[in-house]
Amino acid sequence: MIPLTHYLIFANFLFVIGIFGALVRRNIIGILIALELILNAVNVNFVAFSQNTSPDPATGQIFAFFVIAIAAAEATVGLAIVLALFRVRKTILTDEIHLLKW
Amino acid sequence: MTHLYDIVKFGIYALMAFSVLAAILAVTVRNLFHAALCFAAVLIGIAGVFLSLHADFLAMVQILIYVGAVMTLVIFAIMLTERFGDNSSPQNNSLTLAAFGLAIVSLIAFSTISVKTRWPIQENAGALHLSVGELAYALLNTYVLPFEVISVLLITTLIGAVIIAKKDRVS
Amino acid sequence: MTSYAYLIPVFPLLGFIINIFFGKFLKRGAAWVSILSSLASCALGLPAAYEVAKTGQIFSAHAEWLTLGRSTLSFGYLLDPLAATLLFVVTIIGTLIQIYSAGYMQDDPRFSRFFAYVSLFMSAMLTLVIADNYALFFMSWEVMGLCSYLLIGFWFEKNSAANAGLKAFLTTRVGDVGFFLGILTLFTATGNLNFTELESSVHAAGATPALALAALLIFCGTIGKSAQFPLHVWLPDAMEGPTPVSALIHAATMVAAGVYLVARSFALFSAFPSVMQVVVLIGTLTAFMAAFIALSATDIKKVLAYSTISQLGYMVTALGLGSLSAGTFHLMTHAYFKALLFLGAGSVIHGTHSQDIREMGGLLKKMPHTAWTFIIASLAIAGVPPLSGFWSKDEILLAAFDSGNKIVFFLLLVIAFMTAFYMFRLVFLTFFGTLRNHKIHPHESPATMTGPLWILALGAILVGLPGSPFFGHWFSNFIHGPVTQGTHEIHGSGAVHHALNWFVVGCSVAAGLGGILLAAVFYLGKLNPSVWVMRTFKPLYDLSIHKLWFDEIYSVLLVRPFLKLGQWLFIFDQKAVDGLVNAAGTGTVKSSNLQGWIDKHIVDGLVNLVGVVTQLTSATVRRVQTGLVQHYLLITFVSVILLMYFHVKP
Amino acid sequence: MAGFLPDWVLVIKSVLISIAAIAFLGPVTMMYLTLLERKVVGRMQNRIGPNRVGKWGLLQPLADGVKMLTKEDIVPTPADPIAHFLAPILIVVPALLVFAVIPFGRGMTAVDLNVGLLFFIAISSTTTLAIFMASWGSRNKFSLLGGMRSVAQMVSYEVPMVLSVVPVILITGSLSTNDIVLAQGGWGGLKWFIFTPWGLLAFIIFYLCGVAECNRSPFDLPEAESEIVAGFHTEYSGMKFALFYMAEFMNSFTISALAATLFLGGWQGPVLPSWLWFFMKTYVLIFIMIWFRGTLPRFRVDQLMNLAWKFLLPLTLINIFVAGFWYFAPNTIVRVLMSAGVLSLSFWGLQKLNQGYAPEKRVYQFGD
């Protein structure tokens, strides 16, 4: 009952906000949050398309499940890295971790 | 019943607006803990959007996994790495302006694409109800290979995360 | 019983689970768990095998497992004469060896772990035997590889054992990768992995090069697992494991799985005469080479190991000659007498705490049970009628004779002669004469060990009979019965035959008895010509005692080139580069006075110019490489947007 | 009335009635559960319990409520005001939401979702967020410790809890709470899932995990008075404090109600009206919770975690396999015996395996 386009625009908003967050956040955890936002935007698109255009409505949802699983895995590994990093360098701000800088 | 539909429709749009607002807060708020809470609000809003798309099971999984598990992890990490209420250092870096420009440009671009493309809409769009059983069938038959790959990925992640995060016994 | 066949591997698996998790609490009871689980498999497997033998029918059932695109993978069991034969071998020998191990491993600190591994191995082997498709076959194949690795390195405190385990694992891996690629090729070519439909799908696909490649690659699996040339090097080293393991895994069952694989894929192989020729070549070469090495080995288990390789080569040759029944028959008889030989060797080692046959002698009196069963097994392997080895070896020789390939036939005869010789060399050195090292105090082994020996000895005598003319070649009819109808015509020799070929029998018996006689002359009498032979044919002897230099060749082929390359580079560096540098240095010093002012004015100017340009460029370019993740992220996003723009615009 | 009012008003009216009923039921349940708990524990400790306000102290909860409402609302100066304010509200929301899918009686489910059970699990898992907010927002080390303990405990026990429900879903083939109750009808109550081997085990595990999820004794480490004052709600007073208590009591009610629904046949039962059966079963389970509190000492942290990860988790996994076997095996006595045998064997085995890992004596890391 709500047209597909509206869902897509909603997802666009989330996606773009996610990109913005991933670019401007200094804190790695903040970046992770932004990345999760991007993945969620993708999920919204998957489900909206599967509901509106796909002959098999299960496909989109299944892929949303996979995305959720991968997002969970990503969050786990990301946060483990954050903890390890914090233990070694006492900071998790990206612009203070620049060993590879010129 | 048209009025009821209107009310529900209005509710969904309100939910979307709420989610977008919370998302904006989540990437701009200075206090990281608040940002995480705002993100949780976004997730719940998205779960509501899934409900409006008749993806009940997915909505519940979204809440269970994202809010129940991923957010818990994120907040744990915040607690372990942040000093309480330390808002002295800025949360945003020097890229803010460029990122904002990029965001606006891509928003316009994507929205144009979304609006201008003629999507092949199915006739029964918006009224497809999927039972949990059908989902399970699709997951364990058509998509069994990705499913297995995901399970391998998860177990690898589990082990990897433990190994990365544990303290070095040697040193 | 046949409808419960899928339960056969389940019992050992349960035994494995119980032992690996609760072995700590079970202590010595772990042996009982394993033995009982094997007995349960026997109780299910033997009636099922009997059912197949009685009715001559094939029993199979399968369930769908995965849908991959358009084709489906199923898993299930297949009980045909081939599987029934292997069931008969594996369940009985496995159980007997586990009973034997209960005595042999008595004092080991990891007692329950040993039985857990053996149970897992039994489970995998039984799964492999009754598997009805390549996927399941390969899975159990790999589990067996794992068990083999674990058991070879069972005494991992010993460095050599750990290394041997690693070597076995890595060497067989080479073959396994080939096997896996072969399965994939087969699947791509025919879209079918089921054994029952293999023949029809091969017929449907026709003799394409892809299928020939698949057959060759699958044969790689056999080469690895059955220790054929050139991947045979792991098997002698595998003798570092406990002796029951050597008997069960590295003599009777697992290594025979490679032969079983060829037999299973017979429809595929027999469609390609050229592939069959490769199989014959590899088999004969392996058999001859291993027998040759066995002539001079002095470690009791090493002799048996090379003998195993040689006999496996025999089987592979038989299959390559197109005689399914002869190969399978020899597999069965060999499993019995070789398991017996290994267990006998284990008993000897247990009683003397030595493995060197030069130290032994005269054990016949001290260990009568071990000695007599060992002699029976040796007679069987030497092909003395009417023991089992005679009938199966005769079948193979007959197949070679019928194929018309005189060279192969002759070689096989020579190998038979060599086999008889080295086996009786072993027997005479170990059990006859007098004890050569007096620090050894031999004693007979306990009943849990001698009991299985006698039962296996009975088997070594009797299992040949079903294939003998007394029973009208029942076995070959049985094997050829329902499975390979139509295929046995291809080479003509695998077909049903009812008469003894007296020439072949004569040759075979002569070779066997001749070998025994020669061994007796060498090692029993006072003459002792062995030293003389050793000296006269020194090159040949060296070749044999150094195992044809295989380990050395491999180390040369793999290690030396890298070392050489390194040395060569070092020399190049020292001579050429350094020389050039020195020459340039001297030249520069000599001409520097002359060119001093040029240096100062032109060269320095150029250098400075280069420096300035570099600085200017890098000052601009370095802004790209900030080390900050988000800058890269920004660039990525912008690029993606641009790409999308250019993609959408036209 | 149908012709009198437009349709959509009717729909909204029925929705509102459901909401009102639940919103009323929750607090009332909570109020009288406090009384019940005080009475029962009092009896167990040879006391009488509250008996001054009204007959048998029946008006005591009202008096408590008035007291709570009139108390001063204290917010610590360094606290995070937003988180501190929102936490007590957010903790009540999921506790109330889950009432929606509980079938109180025949046709008495507020919202019969087809993913009802998952809804329950998902919504109750969000409680951790509110606890985080309370503990982080109070800026008090006891709050933070309590919050950490609480979340670690809830996350750990959620896993076996969810897995213990899986057999029920497997057998009924539905996630709707109503369908699950319907599947247990007939045979005069003998078809309740608790009368199957896997059901009994799943019930015990579910109930134990539920008690842990509510942070109730003997799993009350997050609020252990003798160790960390009052855990994550140390810094709360007045009505905010009452809200935390309300959430806790409502949680123990909903967990008991869900346990009754999943394993004790829900509202199924002879003679008596369905809702009465439901409440009887639920209150028996609540009584057992209170009984636990009256009898059992508190767990140690390592014992708590070991129980969840090394004992309950493998057991639930085995239970799922057994339920799968149950589903496919023919309906004979052999099925019952085999599943019971496997389960008791694995119970025994896991217990055996866990014994070896219990620490011999306590190690005081910072004791010197």
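Chains here go by letter, A, B, C and D, matching the order in which they are written, and residues are numbered from 1 within each.
Here is the rule we go by: contacts are C-beta pairs under 8 Å (C-beta built on N, C-alpha and C of every residue); 3 or more make two chains touch, one makes a residue touch a chain.
Owing to the predicted nature of the structure, the values given are computational and were not obtained by experimental measurement.
Number of steps on the shortest path from chain B to chain D, with steps defined by chain touch: 1. Judged by contacting C-beta pairs, the busier of the interfaces B-C and A-B is A-B.
Chain B and chain C, compared by their mean Cα positions, are separated by 53 Å.
Centres computed as Cα averages put chain A at a distance of 7 Å from chain B.
The mean-CA centres of chain A and chain D are about 33 angstrom from one another, to the nearest whole unit. For the pair chain A and chain C, the distance between mean C-alpha positions equals 50 Å. Contact of a single residue of chain C with at least two other chains is seen at positions 628, 630, 634, 637. Residue positions of chain A with contacts to 2 or more other chains are 19, 23-25, 94-95.
Contacts with at least two other chains are made by residues 57, 61, 69, 76, 93, 95, 98-99, 102, 106, 142 of chain B. Taken as a graph of touching chains, this assembly fits none of the simple shapes: it is neither a line, a ring, a star nor a complete graph. Inter-chain contacts, as defined above, occur between A-B, A-C, B-C, B-D, C-D. Interface of chain C with chain D (complex): residues 21-22, 24-25.
On chain B, the positions that touch chain D within their shared complex are 1-4, 7, 31, 33-34, 37, 40, 44, 56-57, 60-61, 63-64, 67-69, 71-72, 75-76, 79, 84-85, 131-133. Those residues of chain D whose C-beta lies close enough to touch chain C in the complex are 349, 352-353, 356. Residues of chain C touching chain B in their complex: 66-68, 628, 630-631, 634, 637-638, 641, 644-645, 648.
Those residues of chain B whose C-beta lies close enough to touch chain A in the complex are 5, 9, 12-13, 16, 19-20, 23-24, 26-28, 32, 35-36, 39, 42-43, 46, 49-50, 52-55, 57-58, 61-62, 65-66, 69-70, 73-74, 76-78, 80-81, 89-93, 95-96, 98-100, 102-103, 106-107, 110-111, 114-115, 119-122, 125-126, 128, 130, 134-135, 137-139, 142-143, 146, 150, 153-154, 157-158, 160-162, 164-165, 167.
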